[in-house]
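You will see two complexes here that share subunit A, one where it goes with subunit B and one where it goes with subunit C.
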Partner chain A sequence: MKRLSEERTKLVFEKLTKYIGGNLKLLIDRPDGTYCFREQKEKVYYVSEKILSLASTVAPENLISFGTCFGRFTKSGKFKMHITALHYLAPYAQYKIWLKPSAEQQFLYGHHVAKSGLGRITENTAQYQGVVVFSMNDLPLGFGVAAKSTADCKHADPISTICFHQADIGEYIRSEDTLI
Partner chain B sequence: MDIVSQVLEKAAQDERLRTTEVQKHLEVEIDEGSLLAVDYNSFDTEKIKTNREDYFKQLTRDNVQLLINRIWELPTKRVDEAVVATLPKPRFVLPRTHRLPKPKPLTKWQQFAKEKGIKSNRKRKSKVTWDEQLQKWIPNYGYKRTQAESEKNWLVEVSDHADPTLDHLSLKTTAKQEKRSKNELQRLRNLAKAKNVKVPRVGIPSSDYYQDTRQIATAVTVARSSTASVGKFQNRLPKEKDAKNIKEMVPGSKKNKQPMFKPGEEVKRNLGFVDKILSKRPAISIVSNPSESQNRQTDDESPRPKKRSKISKKGGKKPKGGKGKRDMHTKVGGRKRRQKN
Partner chain C sequence: MGRKAKYDEVVVPAGPGRKSKKQSDPTFPKGLIVKDASSLSHRQKQRAKKRQLKSKAQKAKSNEPKKKKMKESVIQAAKKDDNETESEESEEVASGDEHEVPEVQMPLANAEDSDASNSDAESEDSDAKDDETEDEDEEEESNLLPIEKANKKLKKKQEKERKLAAEEMQESITHQDIFTFPTAEELANPVSLQDVQQRIRDVIIVLSDFKRLRDKDRARKEYIDLLRTDLCIYFSYNDFLMEKLMQIFPMNELLEYLEASEVQRPMTIRTNSLKTRRRDLAQALINRGVNLDPIGKWTKVGLVVYSSQVPMGATPEYLAGHYILQGASSFLPVIALDPKENERVLDMCSAPGGKSSHIAALMKNTGVLFSNDVNRDRIKAVIGNFHRLGIVNSVICSYDGRKIPSIIKGFDRVLLDAPCTGTGVVAKDPGVKINKDELDVQRCCTLQRELLLAAIDSVNARSDTGGIIVYSTCSILPEENEWIVDYALKKRDVKLVPTGLDFGEEGFTNYRHHRFHPTLKLTRRFYPHTHNMDGFFVAKLKKFSNMVVKQEIVEDDDATSE
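After this line comes the complex of A and B, so read on.
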């Protein structure tokens, strides 16, 4: 496992700030122990020092996962978030979308969120803002990107897309083998 | 007298004993200098057919007789009981047995001097020079040269700042040896050039192969790591560095190692990054009324507010290229594209 290089750290943080903004500082500087970002086989993990020291005893070729996988670097060098990061994104999310119970299944099957499925949306959400998707009883379902700003949402057609799907908890079943 | 007439008669009868007079249809061309006689008369074909050997013998004898006759016309002198004729210079031009020798190919320096018109007025050195110190002639090279040298160099002059621990005598000899080997190399190179043999270049590669100094640096870096031990034991010049553009591809090159962090320093660095990123992000314009609650429920079934934005958004229309609201300043991974200003 490696520490992230400067460029890669920036890429990861840029992506994370899209969802949680300044709350990212809370993830980096935690009162309950030191947590850090580590890279292993192009995947980025968020781990506490304690777990890290334990994981370092495992040979890197045998180490499958440690801590929480936040995402991975694509071959073209972009950072892609995994659904496993949701656990840390949901409590700190700045922009949220709540889905109606009827639209939940659609989203969990990997579809975009249409206007008809939109229950609530955070005020002043800008277009292309990273948002975390919740069910109406505040269960985090995944995350995506706002296709329309809040103002535009009001006037949108019922079938028009409000939020582009990026990851949902259905992936835990759909892509069980690739998701670690 | 009878005996004389008898002998003459006998001689007349005997074909082998003939007079010195030889009758020829065409005169035989004779060059006394090279003892050459050229007979242009045509052969008697009948005699060749009947008695070939005798005919040729006779013919040869006649021609030689003519040559001898001519020789005795030349001025003669007596040397130790023998009469000798002095031959004139040969008139006949003999063709060469060997080819004309080629002109010696010029050495590199000679060619350079010829091109530049440099004329050295260096005279031919003599093989020996007078040595004041030894008070005798010593050879410039070769036999007994080193002996004279060692006699002469029993002491080496050294400047005040020289290192006293070094063996200056041997240093001097090695310097000389190096000079000599360099000269030998140049000699061999001249030889190869004269024979038109291709010799692999040493030292700085020519501009035929590398147009750019950066290319040379690249080549050097690659060459260094091209040993069995990926260049681990290869010497470097002082301050020599690997070429930057291929540093990551070259095995065994020193990669930019991540700095070791003290505890807590990584967190500080990461916080710095976050601050930078947040300051870069454009401030999000808040459209709605700030007095309202932050999380407002939008009721999509309820009638729309009367104030509709004029820009009606048509769903399902394909986005057109170049009209997106892409932020050109946020850095993304991947290929760097040129930005239009």
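After this line comes the complex of A and C, so read on.
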């Protein structure tokens, strides 16, 4: 377990900003205690300092997980967000997409979102903006990247992709073993 | 068009209706009806009279020519080649009085007829008919061949034997009420499952009133052994486990338990109170076509699922972490543990994370929850479940539970859901019925003792709010439950406290030759047949002091007493 290096912190924050923008500040300066990012075995955890001090008593090879896992660094040095980060992304998300009930299932199987399945979208979403995907009754389903801006969406044909899939909660079943 | 059909009009059918129809009298095939002499028609009576007259006339005649003719006709019918010598004679006679031939043959045919009817209807013959035939016999005996006479005699004999056998059968049925102990031969031969089931019931009845119903030459042990082997066959248990079960349960309860263990418990889910409320979840699931109900008054987060049109482990609500599939019995140890906010809690054997996540939910994501499990494959399920359910205050580690006190101490509460033989969850895993033996139980016991001592050691007795250890297993054997707790009471400075569960049966204080600490009645046992949940055991301990010195003293005591 170690602190993130300068450049890795930058990578993580850049990635998070894509989804939650300025709300990142709320994750770092919290009223209910200090929270911090820690790295263990290439994975990034977000955890309260209280828990961190106790977790440090556990030997690294026996420590499986602590706090919330946000993602991991790939072999090529990029930061990849995991679906497990959704717990913190969903409440702070700035740009959202809501899916029609008929398209929920498709997205949960790992498919992109087509125009026909789009229920609502946040105004002035830019192209390639990170978005959090919700069902119509505000259940967070996953996150992805907007393939088209809000304006383009209005004129897109029904089968064209609106949002590229990145992670969805179906992964809890599909890939439980490789979740972290 | 379909929509124009008048579905809402009630059509009242005419007539008396289907149900008022009366079944007509039964009709029997002709052969079955025995005709009374009185019910004969006029013509039949006339014919019978004629026949009688004729037979009398024939009797009056001399026997000799008649016999010859009968002989001749019979032989002719049966075997033609045998009667070369007699053929000349008979030819002479035949030529002598040709007119008589058909008339003489008549009584013979008649006799044969009556014979045939006798043999057909013999089984249901009444005494009256017997008399009739006897009369006829007397009449006809004189004009029968010796072989026919012998045949008649034999038939009579058979008839008598059959009657005797029937009487004997009747007698044996009336005396069947009292169970007779099967002989060694009967035991050696395999019998059908129904017979075994009947025998189980009979033996249990005998055992319930042993003095009156017993076989004087048989000991109680023989009955018990018979019952055990029968139960083993019927429910396919191994001898060892059945013996244990028979020691735990009284006879009448045993059968109930075994039958209840054959059926699965209903599927239950636990609402994740971190993300939703039970009422909202129930509404969302009902909209998906799930039929559910609250589990009971003792918990506010449980739901029973009766039927579902969608797989319960793959609904969007499940994936979003609004609930987790969890057996009803798994709620109990957590309710007993009663974790408070901002405490430090340890779950020693946490996989797959059902009880552990329940603890986190009760702590409202505050404090610290250590979830440990020795198995690295199974701990992956804990990771998945915790992240899905939104639990952020956890540290998931993989140690051997026995080493935990040497790594981290000072917990407010510890839950030890110990690995066990699983004799309480036979419905889930029927393999338990046959693959457990004395050695497995012993191994589990040793591990459980060590784990429980480790759990007690890792608790801080000076904690303001806690100092609580909850020990639970999904086994019903006292060896894995009361015995272990009793051992811990001797070894450490702990005492039993009420579990806070207002149902369940009290733990044993006396079990066979064991005399456990009297406070063990504060522990709770749960059975499939009484509580409709898996077999389960929960004990709640409170730690007084962190003294480990006491351990040695007690050990010394033990050594001297032993």
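Simple rule for what comes next: the second predicted complex is superposed on the first by the 179 of 180 C-alpha atoms of A that agree within 3 Å, B and C clash if a C-alpha of one lies under 4 Å from a C-alpha of the other, contacts with A are read in each partner's own complex, and residues count from 1 in each chain.
Just so it is clear, a residue touches a chain if its C-beta (ideal position, glycine included) is under 8 Å from a C-beta of that chain, and two chains touch if they have at least 3 such contacts.
Since we're looking at a predicted model, the values are computed, not measured.
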Partner chain(s) touched by A:Gly22 [first = subunit B, second = subunit C, both, neither]: first
Which superposed partner A:Asp138 touches (first subunit B, second subunit C, both, neither): neither
Contacts of A:His87 with subunit B and subunit C, given as first, second, both or neither: second
Touched partner set for A:Ile64, first subunit B, second subunit C, both or neither: second
Touched partner set for A:Asp177, first subunit B, second subunit C, both or neither: second
Partner touching more residues of subunit A, whether subunit B or subunit C: B
Which superposed partner A:Phe79 touches (first subunit B, second subunit C, both, neither): first
Subunit A-touching residues of subunit C, taken from the complex the two chains share: 284, 313-314, 316-317, 319-321, 344, 368, 370, 376, 379-384, 386-388, 390, 392-399, 407-408
Touching residues (chain side subunit A, partner subunit C) in the complex: 47-48, 50-51, 54-55, 57-59, 62-69, 83-84, 87, 104, 108, 135, 137, 139-141, 169-170, 172-173, 176-177, 179-180
Subunit B residues touching subunit A - in the complex, by the definition given at the top: 258, 261, 263-264, 266-267, 269-271, 273-274, 277-278, 281, 284-288, 292-298, 300, 304-305, 308-309, 312-313, 315-316, 325, 330-335
Complex contacts: residues of subunit A adjacent to subunit B: 2-3, 5-6, 9-11, 13-14, 17, 21-22, 24-25, 28-29, 34, 36-37, 73-74, 76-79, 96, 115-116, 118-124, 126-129, 148-161
